[in-house]
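Okay, got some structures for you below.
Each of the next two complexes has chain A plus one other chain: chain B in the first, chain C in the second.
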Partner chain A sequence: MFHWTPDRSAFPTAGPDGKFDFDSHKLVKIWHGPNHPGVTGNMSLELTISGDEVLESKTHVGYLHRGFEKLYERRTWIQCFPTVVRMCVPESDSNEYNLSAGIEELAGIEIPEMAKWLRTLVLEMSRLQALLRIVPAQGGTVGLGLGVQWGVYLRDLILDRFEELTGGRIYHMYMIPGGVRGLLPDGFKERLEENLILVDEFVLSIKRLMLDNAVFKKRTVGIAHIPVEWIDKYGIVGFVARGAGVKKDVRLDYPYLAYDQLDFDPAISTDSDIYARTWIRWNDIITTVDLLRQIMAKMPKKGEFKAPTPNVLHWQVPKGEVYVRSESSRGEYGFYIVSDGSKYPRRINLRGPSYTHAVSLLEKMLVNSNISDIAATMVSLQTCPPEIER
Partner chain B sequence: MKEIINNIQEKFKISEVTEQRENQYFISVEKKDTIQLVTYLKDIEKFTNFILLTAVDWIEKGQFQLTYMLNHPSKKLDIGVRTFIERENATMDSAHHLWEHVATFQRELKEMFGIDFPGSPRVDEPFLLEGWDNIPPMRRDFDTKKYSEETYFPRPGRSTNDPAEHMKKKLYPNE
Partner chain C sequence: MMNLKDILSPFSAWRNLLKEPVTIKDPLTERPGAPRYRGFHKNDIEKCIGCGTCETICENEAIDLVAVANVDTKNGDSGLRPLVDYGRCCWCALCVDVCTTGSLTMSNEYTWVSNDPEDFRYIPGVDKKEWDNNDLGWKKPDYTLIPTERMDMEEMEPSEREGTFLEIVRGYSRAQAEKEADRCTECGLCVATCPAHMDIPGYIRAVREGDMEEGLRLLYETNPLPEICGRVCTHRCEEVCAVGHSGDPLAIRWLKRYIADQVPFEEYKRILGITSIEENGKKVGIIGAGPSGLSAAYYLRIRGFEVTIYEAKSKGGGMTMYGIPKYRLPMNMLESEIGFLEEIGVKFVYETRVGEDISFDEIYKKHDAVFVGIGFEKPYKINIKGEEQKGALQAISFLDDINKGKKVDIGKKVAIVGGGNVAMDAARVARRLGAEVYMLYRRRVEDMPADSEEIHGAYEEGVQIIPQTIPVEIIGEGGKVKSIQYLMAEMVPDEKGGRPKPVPIEGSEQVLEIDTLIGAIGQEADYGFLPQEYLDKIETNRGRMLVDNNNKTTLDKVYAGGDAVNKTADAISAIADGHRAADAIERMLLV
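Let's turn to the complex of A and B:
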């Protein structure tokens, strides 16, 4: 193989004020995104490069700023739900769960057992569809596009199940304060099981296609390494932390809904490179399919699915503040909710994993990396810009 | 958790303690002691995971509430440190030296609430907005409806048509 180590002594460096001298003609400034196939959503990177090495990276977001947190000042609690799901497009259910759980905690409402299981089922289905999209996409960043087509097909089948359960494919608004909107349709479990059998086949195929592929390994092993000391320093969560050897999973650390009755052990690695993070998410698909089967076997056949709540049009949620969290496919997903006792929320603030992964962490990781590795690095962090700009 | 709260109360002047749940507390502290308390929680009590920093606008009191949410990874505890600062010329000491990602939260607060954090890296660079010339948009006195009416509608060159009238004119021009 061809190996080349750049002579860094000939590279331009930043001046004492931290700025680069563009008059030296050794530097180029390029924009990676917002319209770029290797960018996960609407964000862009302002790169200062020398040759094909990145000297500085700045993350720019704001291309999808819709001002949701501002809108909530004028919306009643229930009116927040249609927009809160749109805070993260690929995985909307964590948003509706967090807002429902926050309102329930402030109002002191205990949800029925059946609702807990249905919420757990929907959250895991949501994780599965997100992983089916993003795991093969990691191959796409290094030119392996076939797996993406398999993944998108299977994700569509899971979206079909969402459609028959909730009426919506991407945004569901299924979880509402007090519980959920309805029970499973007849034959739902059988149809979901048919889809899961296809996912089982996909898991084996994508391993042969991507994880065992020599080119994929060459492009990802040892690239974009995250040292374990950075976990707390940069607020790293979820599978990125697990890739560095720190087992962080809200479902285990702070069990919510029915997760304490389920048996699972998320994968962990210490390699902390792009390959390790892909391997962990590939394992997460297996874990999620197993969890879905456990949920369908253990959940009650029938029961109340919604606790009584005050009239939502006039509901004054008691004064207080709370931080609620859940585990999304990208890691800890938190809502900080403040109520002043009126019909309208005083403040709803989302803290998604991408807030640090895509800004401070990515900016640090890309320094001294090769421009051809940028897309793979970004997808290996599974960044989602809408949750940064809300 | 109660032991940690007692330790804090021995060392700092805490005005209010709220137990949200067994492993989640919120405490209020004066502005001048805030960064010292956050540093103490990180270095001594080992709340090493910084979750978020955000602001709440209490316009009726003329104050901003800043909340620093910290987490103890091994004991699974959360603590929210609240402090209240004046709304006019809002300034707060920076905590960017404690965690790398704090600077991002402070940059967003500068843009969205107009709270300055002197010394915080890139705090004056725009985060989401470009060329914004109004008051910071997350302040409660920023009127979104008025802004959109002034900025987007009605504006010169834009006109509306009654659909029925428009179709009548188009289909039967001679009537």
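Let's turn to the complex of A and C:
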């Protein structure tokens, strides 16, 4: 239908060995980010281009000046709790869960049944609000901004639910070691259900607007293809792996909390392009809404929500090391926690999907791609720079 | 894969034109925060005790405890209040969750505009804010970050206690002690309240970390009689414990006892670093080997003074030796602590009553300084008819006889008059001797000056407390006590605002058949040992010597402490007196 190929005859070409001479002064180096709307957060790509084709890409982080992991070596265990959430802003709850679950595993604490369900609920709500923002944002990367407006509104409604349950909108700080910090307020389920009905409508609208959109398809189908062989090689997880036909989901592979009592089957595709990854995440919204409904129906009405812990002011978590993981909207999200038996963690190390997706994988994917596809490629990996630079 | 549908489908978005917009038209319309929203801080400053636990838990150091106007430092209240810095706060509300009193909360307010950056550092509750009266917002949830339940102390069953003077309290095991020590918030309110200002959070930390030697060093910094205090201290520290506001206070006394019990006496010298003492050539004489005298002796001796203690009785310890029953404080504990003082070179001159066996004048002239710790030895009489008969005893001498191992025949029915700790001791001892015990007290049970745990123990052991009774006459037969007549009293509120007063109800006479009557309504000091020339110079007030901040009396180079000086009538105050006097004597003689 629409086809236009620019005249690339004047571009620098590769030498006889098929390689470009990077010292020839004929290639252009540009920085994509850190202040670029197409960059998901504070990072930048150092691109070497020939015309509009990318010859080399290097991922740069370091704009956030944080060093959380180092900070935790100087904080008591409970003092890590308010800051872990900041390691991934758009989906903070996976951090809370991992820290709490890690400490509980090290200290041998079993959390009450009610707390398990509340944590599951919060994790799914968190996934929903992240997807409501990122799925339409995939359209935004190719110039389709309308869906983002719809998504942000619905996300705000979910944040309202977070606000009434946890007392915070973005940083919930709800899952404390031992359980959670409160029960559901009265009428919470009804209000959440009202929001979910709107999400049901949104799912259909976004399909008509984005997934069944000729322009969107033109810009995403067949673009940024990830071969299935790369999945293990690059440590690819979550929806990116599922887009390439490899079913990876921590909730199914290593069930935690109440997930073993829930019925769900995440979507899978073999196309492994931007379109497939968007379609999968669009499907994930449907799965999550369904899971939320299941959770609300199955969770106990009342019960203890926090197991007793030692005095948090000088809690010496028993010596040991543990790797805890949960499924974030971006894929496996893990914490490697080491305790030397003192008041302070020896190491809290985050293994987030963005580290591999946005550094090694993205650098590889962008070679020979077109500049105009970079933003869409990044968002199709749902990279979160704070999680790389933590 | 692309078709006409894909071109037309996106246009379906146009139908949104017919919908109501979801955004708020007026950007200034206020939207209330959720009822649980973690908004701006509020603090009930009347309820707040300034324990600083909020400051401890805050990972951003956003909270500072500062002195504020109109809030005074008092027992159990540091007088400080939290100042919150919103340049640092992350609104995690851990400060609210950990607050020991529940005074710190957050409103659900979340917009606040000010042009002055300094405004955002404020003292909630003191700096008035518009959200102060807003009831909604984050409050301390129904869970705890600090365990609120005290580790139970194992005790001898009340039914087993009759006929034995074995210690009731069995002491903590290591696991129990560590678990109890874990509950401490290290706020230090207890340190301020303890008369001896012991480093309570410090030695509790030592228990937690299993470092008994460090624990013992910390105990001896301010208290050379930890075995005694670990058992019979009046533990005013526990009354002000911050954790006690949301649960049981820390078992501070039992933890002190735990440390002292763990270290053998033979190790004390090495641990406390008293292997050699450099003599400074100055001599100090101490009258009375009670807690204040022993405390002064220890702190003077380790600083090189030559210390001699003159004691009328055959053993040291004062009231702790002769007044406290052995089920509360076993004899060997006292003897070992005194033995340790002897080991480091304190000289004890026993069975030497000053004023009889040696004159005060001689002691005064022989020493560079004198410390008087004579205590309250002389009991008050009840002052009713018939008190001179056989079978009418005084609690102090009764307890003394029992502790000395004498056999005292008290018969089957005993009445105790009084409601203080001495009365409780006498009653519980009498129960152990197998008697049926009645306790007659002028006021109500809640007015009793005795410790609540003593009252509880007395009840447990079957002591029958008859409150609001005023003894009128002891009726005897053949020179021996037969019964006691008393009047019931009603409590009349005091117009001046003091304690309600008991007023006898006419015609309410009751008679109780008894074999023995034990009076325990208080004691006073006996200054008979002082020659008139000295007595004139030592000022007293209601039977107590007047001392300055250094525990110095009005007589040159004479210091005093213990019951004969302070009203609290407990060992820990006496120990504090001894320490203070030792510091002052050192300053006087060496600096």
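The criterion applied here is as follows: the second predicted complex is superposed on the first by the 364 of 390 C-alpha atoms of A that agree within 3 Å, B and C clash if a C-alpha of one lies under 4 Å from a C-alpha of the other, contacts with A are read in each partner's own complex, and residues count from 1 in each chain.
Throughout what follows, a contact is a pair of C-beta atoms (placed from the backbone, for glycine too) under 8 Å apart; a residue touches a chain by one contact, two chains touch by 3 or more.
Every value quoted in this text rests on a predicted model; they were computed, and no experiment measured them.
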When the two structures are superposed on chain A, do chain B and chain C clash or fit side by side?
fit
Looking at the overlay, does A:G334 come into contact with chain B only (first), chain C only (second), both, or neither?
first
Which of chain B and chain C A:F305 touches, first, second, both or neither:
second
Just to be sure I read the superposition right, which of the two partners does A:H65 touch: chain B = first, chain C = second, or both, or neither?
first
Between chain B (first) and chain C (second), which does A:L313 come into contact with in this model arrangement: first, second, both, or neither?
second
Applying the document's definition of touch, where does A:V359 land relative to chain B and chain C: first, second, both, or neither?
first
Have a look at where A:G145 lands relative to chain B and chain C in the superposition and call it first, second, both or neither.
neither
Using the touch definition from the top, say if A:Q79 reaches chain B (first), chain C (second), both or neither.
second
Hey, is it chain B or chain C that touches more of chain A?
C
Between chain B and chain C, whom does A:P255 touch in the aligned arrangement: first, second, both, or neither?
neither
Tell me, in angstrom, the smallest C-alpha to C-alpha distance between chain B and chain C in the overlaid model?
7
For chain A, give the residues common to its interface with chain B and its interface with chain C.
none
Give every residue of chain A touching chain C within the complex, in rising order.
1, 75-76, 78-83, 146, 153, 160, 163-168, 171, 173, 178-179, 181-182, 185, 205, 208-210, 212-215, 217-218, 221, 305-306, 308-314
Residue numbers of chain C touching chain A in their complex, please.
1-2, 5-7, 9-10, 12-13, 22-23, 33-38, 53, 56-57, 59-60, 90-94, 97-98, 106, 138, 141-147, 182-186, 205, 208
Using the touch rule from the top, collect the residues of chain A that touch chain B in their complex.
61-62, 65, 67, 69-71, 73-74, 105, 232-235, 248, 253-254, 320-323, 334, 336, 338, 346-347, 349, 351, 355-356, 359-361, 364, 389
Which residues, counting only chain B, touch chain A once they are in their complex?
18, 20-21, 23-24, 26, 48-52, 54, 56-57, 67, 69, 73, 76, 78, 80, 99-101, 103-104, 126-130, 137-138, 140, 142, 144
